[in-house]
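Sending over a structure as structure tokens; questions will come in a sec.
Read from first to last, the chains carry the letters A, B and C; within each, the first residue is number 1.
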């Protein structure tokens, strides 16, 4: 197991390095040299920035400076707004994003898993069809449509929850519902499929042949095995959470990291875009690493092989 | 052992002797195959036809495609024709889906948008398929170090959320139909490459392929005769599912402000415009959103139907 | 055979599956019985319904709506298994009838230790103390010939070889000392040397515990040294039934002749070509009228295509064959020579 963790950790470091490199050069590929400072930039700001990023130096030198800064945890700062650093943006934006995102994943996955389980155990019954319909609807409705819809229904028409903003507990409900919606569909569908598969496995029959009750078979034998393939999907899911749910944050005007990215895009704040992209990629690469290790903990076959 | 197989026992006892004559002719036929052989495709088609939901989905999709082609041709409005005298009108007989804030007819814009969105989705799906098959095929065919490096590369790309890639690429390429296609396809092919590589590996190990190799079959023959028929079902299913996710990605880009430039209409552009005006003019979101949902739903159901129909394990 | 009631009586059992193409009649009227401590071998090619028959005894076939017992009864210790509630059935599975499966690689739960899986079954059979259950589980592993059972108890299935896993499955099944063991092709997925070991193990355990066994196989060789009785199945029906020696010595059904002639002889210098059975088994979606084997039978008569044959008694103890060749009228029309005994059929 230790060897496996070490191996995965090494490959994660390589991934991080490559991500940073690729992002850097891609950003400098943007036509019209977006990093060139506008003409009316005050002299003092220009000097500061040029010194910090070496913007007047050759590309490769800029790259080494950039990488060195990364190593020191400096992901850069805004070229449009003075004093805004990428790390600062992320630290202030993270709590609301994480709350909405993780809340959405947790609520969504729990409801989704329960529904998927019920559907699989009711294979071809009424509940099963209901869950299938829900799951397909869930992947067929873009989240901004769903979000706008519940915003109008619960916020505007019924006035149950505030429409937009981030000022208290009640502001969390609608965004979380939106974030949960896609997850419900996704997990219900995944678990249903994998559970139906496990149901046909010989070991399920072995369990039955021991005289276990249906509940015991589901609880002790089927659930764990059918959740295994889902663990891998947790990586992208969590990565998606931390990189901010762009759409949800935009609809409900939540000051999260997704919103930060969107406003950076809209104001063509390229240093900010680059910094955020690198941070988001780092976060997701780390999430993948964590999930892989978790997978090793859950599945004894990997534990030994690694 | 007292019971007997149930049958009309009187009949049996009174059977005349000639029934007990040897039936030589019958045995001659023994080695003929008792069940008519059904080809893979006719069998898959039969199963697909039996799947009512998938059939209805494909009919709706054909209908949408026909409307997308026809409506912009015969309508009295064009998609970019503004009319400041008729701004933000609710649906009426003059404007079936109403008009937007520039007085453009939303009905025409929806079908023009269908052209653009479906075009993007189809091209993305085909690109994903082609690149994925080539990449995965090469990796799978050569195996070893080449495969290792190629798959590491895929892993690297996949370790960054797809939407970040798309955003980065759009920033570089500037918004437009071509760039949107490239940006979405740039990461979309990975799923197909992994899938096809898996198929190649699997097929390389299969006994019937080894058998055919020992009989002197060349690589091309094996690819045409064994690999494609076996891998086709996951490929088609994967391509069918790529279409809704491309539609999804396009509308996401429009929504965060990286969509197609004005005055192009796409479903994403229409829906994100509509979403911004939801509170005052809900119908402006309703129609494009409905079209997106129906199309996505149909493609998803069609994908499910294709997967069930093409899976050889479903043959009985 | 004593006159006391048999342990298991299967009477005219029929089982069908619903598929989208229609009803597949997998088992079409099968009967046999089994005394305490006896072994019945059910032999036939794949798809003949032998596995479905066996699984019906423990009710492990897919339940309605996809699978259904059409008619017949399965009497085990006086109870009709077909009519029991699922709860009662669970009790029977827990203590009295256990089953082992064809593929040991997939029949153990990969995410649970082997010991835990055995223990779970023991706890179901009425043992309440966990320590006691663990002790029994380790003894069972040892009895199944698994070295260092304490250590093996804590391991996961993927740490076992195929043969070892099948031993673990046997331990799992036998740990509760069931009255009946159903073995569904227990050696098919194993290599030849392991096959012999597993068969010997089953035989040894049977002697020790006096368990009755239903052994499903497509290999006559497997049953030859383990079964007391043999039922030969074809297309969902028993075509020949009797004591093992009688079946081998006086094989009577043309299908049984067919399978015996297609076994390679032990004497390899014998250059005589094997005689395969021509054709393929019938489609059980629309089973043919009359004898299902008629289409592949070199001895077929007109009657075979119209009517099912009743059972005829032949040489041996309770030896029966369901074939028209044994009807008086067939013997009047033409003489048929039994290729196994070399004598005219009587």
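Just so it is clear, a residue touches a chain if its C-beta (ideal position, glycine included) is under 8 Å from a C-beta of that chain, and two chains touch if they have at least 3 such contacts.
This is a predicted model, so every value here is computed, not measured.
S.K.: Using mean Cα positions as chain centres, tell me which chain lies farthest from chain A.
M.R.: C
S.K.: Grab the C-alpha centre of each chain and report whichever is closest to the global C-alpha centre.
M.R.: Smallest centre-to-centre distance to the global C-alpha mean: chain B.
S.K.: Roughly how many whole angstrom separate the Cα centroids of chain A and chain B?
M.R.: Roughly 26 Å separates the two chain centres.
S.K.: For chain A versus chain C, what separation do you get between their C-alpha means, in angstrom?
M.R.: 53
S.K.: So the centre of each chain is just the mean of its C-alpha atoms; given that, what is the distance between chain B and chain C in Å?
M.R.: Their C-alpha centroids are separated by 45 Å.
S.K.: Multi-chain contacts in chain C: which residues touch at least two other chains?
M.R.: none
S.K.: Using the touch definition from the top, which residues of chain A touch two or more other chains?
M.R.: In chain A, no residue touches two or more other chains.
S.K.: Can you name the residues of chain B that touch chain A in the complex?
M.R.: The touching residues are 155-156, 159-161, 163-164, 167-169, 171-172, 174, 244, 248, 251-252, 255-258, 271-272, 275, 278-279, 282, 285, 289, 292-293, 296-297, 300-301, 304.
S.K.: Spell out the part of chain A that touches chain B in their complex, as residue ranges.
M.R.: 15, 18-19, 23, 26-27, 29-31, 136-137, 139-142, 144-145, 148, 151-152, 156, 236, 239-240, 243, 246-247, 250-251, 261-262, 265-266, 270, 273, 277, 280-281, 284-285, 288
S.K.: In their complex, what parts of chain C are in touch with chain B?
M.R.: 11-12, 19-21, 29, 31, 33, 237, 241, 278-280, 282-283, 294-311, 318, 320, 322, 324, 327, 329-330, 332-334
S.K.: Across the complex, what residues on chain C touch chain A?
M.R.: 58, 60, 65, 86-87, 90-95, 98-99, 101, 103, 106-112, 117, 120-121, 124-125, 156, 158-159, 169, 172-173
S.K.: Within their complex, state which residues of chain B touch chain C.
M.R.: On the chain B side, the touching residues are 1, 3-7, 9, 11-12, 15, 17-23, 26-27, 29-35, 47, 50, 316.
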